Amino acid sequence: MSTDFAVSTKVFEGPLSLLLDLIERRKLLINEISLSQVTNDFLDFVSILEQKDLHKITDFLSIASTLILIKSKSLLPQLDLSNEEDTEIEDLELRLKLLQIFKLASKGINELFAKETTYSRLQVKKQVIYFTPTDQIDVLKMKWFTDQVLHNFPKSDKKPEKRVTKTISLEEMMNKVINRVHQHMSISFNTLTKEHKEKKNVIISFLAILELVKLGNVEASQGNTFDDILVESKDPHLPSYGTH
Amino acid sequence: MNIKQHIESIIFFKGQPVTYKELAKLLENSEEKIKKTVEELSFDYKDKGIHIVYNEHECELVTAPSGSDLISNMNKQEVETELSNASLETLSIILYMGPIARSMIDFIRGVNSQFTLRTLLIRGLIEKDPTSKMPLYIITLDIIKYLGLNKLDELPNFKEIRQEIAQFIKNNSKDAVQ
Amino acid sequence: MNIKQHIESIIFFKGQPVTYKELAKLLENSEEKIKKTVEELSFDYKDKGIHIVYNEHECELVTAPSGSDLISNMNKQEVETELSNASLETLSIILYMGPIARSMIDFIRGVNSQFTLRTLLIRGLIEKDPTSKMPLYIITLDIIKYLGLNKLDELPNFKEIRQEIAQFIKNNSKDAVQ
């Protein structure tokens, strides 16, 4: 799967295009369930991007945080989301649905574009030219208008696609989700995830633990809130469970 | 000469898009009346070698699309042949949702559209809505010309798609559209 | 498209007299057939705001004579009205950067300048550089005198502004090509 992503890295213009593609590849409808299913793929992609294309990463992080929220919610139904978080999820679905419509529409546009073009007149009757200035034209005004043009030059010349969504680091995002979940079940995975240097892997482990708890394969126990938590296999004979 | 003939005469003479506002002023009539007459005119011309393209603000006399092969051979002006995916995507958002603010375009695309919009503006495919104080983007008549249409709602499913989008936005989110 | 529509389309597009010979060649038909069709066309247009004038050799699409007052009125209005900000901006860029190609003006301004250039040309404020093979725009001598200048480098910050714009073009020329 990694190579598949590596090949297509360049194709995606942004996180929403990528997400839409992941959903469409699996022939899913856009909803919380499908979003939760493609979360791991999305995070895989982000980690590849992290190494290659640093300035684009911020666009993807904000979407990643929403996805992790959705995924956590699907694994822990008792997770209580704030209004802001609910809106974030609703907005993401809306954005994807709109983008899907527009991607389809732009295919239709592309098929028609420049195929049977209509043309303006090539030559408009030559008019006799009379020099007709107005008192709007003087040296200072001309300088002022030129300054306006200079002032309006786009600033970020080296980074065409500047981030638009709010900035959030992978770390902040992770902590945010963990804290939310922490309120609902006492699980911490400090020890479990210590060996992971990549933040993405920590998140994946975290999601994996949640999934195992949900399936009843592991048990999480904790002394006090914010203590380190022990994650134990419920049944020692059960083979390790694949979480895709 | 009646108003219809006057409009014909003026837009032929101008050889470029003429706004209803300008026509209304010249012909001392309301913009609505002008717009209605332009629609009639466009219909009168539908089987001719010349067509009338128009949108909410302006109209222009152009060659009919079905003769485009012959005309394109004679044409020396620059024409667009292809658009990038980013341009196409941005264009169709403006086409179906315009007049629309850049923030909304960015919201839907999930990326900053500043440079794509600039490219489209430079090519004359979109412009800022002259009737709005806020910077809202609309498509120009050039798009309609490139698509070989008289007006936008001749696009397949144009109204349905516009409605579908409006419905989505209405149902889905109270504060997505700012 | 039938031959009548093709003729309509071509003579509209050309905007100047077109000979039957040329039309016959383009449409792979006899000159007689062309001439007969032009006569028919002229009849079709007799009640319109556009007319077809023709003689033994050539034909042309023109505005109907009864609307000529309005057209000349419009011409007068066009050169008597105030210039738009877009026109003034374009003029100032040509003043500082001329001789300059249209594509560069568009790129610097971030919008399409096709129509504003036309307005400036008609009013004698700019012209095409007669010494260049490429279409480059320069300011007219009249406007230099009007501004009270002897040479363009007397303009305030002339060198600095030229440099800054050149730098912008250099930094962004990759995007310019897309």
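Note that the chains take the letters A, B and C in the order they are written out, and that residue 1 is the start of every chain.
In this section, a residue touches a chain if its C-beta (ideal position, glycine included) is under 8 Å from a C-beta of that chain, and two chains touch if they have at least 3 such contacts.
Note that the structure is a prediction, hence the values are computed from the model and not measured.
Q: Which one of the chains is closest to the middle, using the mean of its C-alpha atoms?
A: Of all chains shown, the one whose C-alpha centre lies nearest the global C-alpha mean is B.
Q: Please flag the chain sitting at the greatest distance from chain B, going by CA centroids.
A: Chain A.
Q: How far is the middle of chain A from the middle of chain C, if each middle is the mean of its Cα atoms, in Å?
A: 46
Q: How big is the gap, in whole Å, between where the Cα atoms of chain B centre and where those of chain C centre?
A: So the centre of chain B lies 21 Å away from the centre of chain C.
Q: How far is the middle of chain A from the middle of chain B, if each middle is the mean of its Cα atoms, in Å?
A: Here chain A and chain B have centroids separated by 32 Å.
Q: Using the touch definition from the top, which residues of chain A touch two or more other chains?
A: 119, 121-122, 124-125, 154, 160
Q: Chain B: which residues touch two or more other chains?
A: 13, 15-16, 61, 63-64, 66, 71, 74-75, 115, 118
Q: Going by the contact rule set out above, which residues of chain C touch chain B in the complex?
A: Against chain B, chain C makes touches at 1, 4-10, 12-15, 26, 47-50, 61, 63-64, 66-67, 70-71, 73-74, 77, 106-107, 110-112, 114-115, 118, 175, 178.
Q: So in the complex, the part of chain B that touches chain A is made up of which residues?
A: Residues in contact with chain A: 13-16, 51, 53, 60-66, 68, 71-72, 74-77, 79-83, 85-86, 88-89, 91-93, 95-96, 106-112, 114-115, 118, 145-148, 155-156, 161, 164-165, 168-169, 172-173, 175-176.
Q: Considering only the defined contacts, which chain A positions touch chain B in the complex?
A: That would be residues 13-17, 59, 63, 87, 90-91, 93-95, 97-99, 101-103, 105-106, 108-110, 112-122, 124-125, 154, 156, 160-165 of chain A.
Q: Any idea which chain A residues touch chain C in the complex?
A: Interface residues on the chain A side: 119, 121-125, 127, 129-134, 136-150, 152-154, 157-158, 160.
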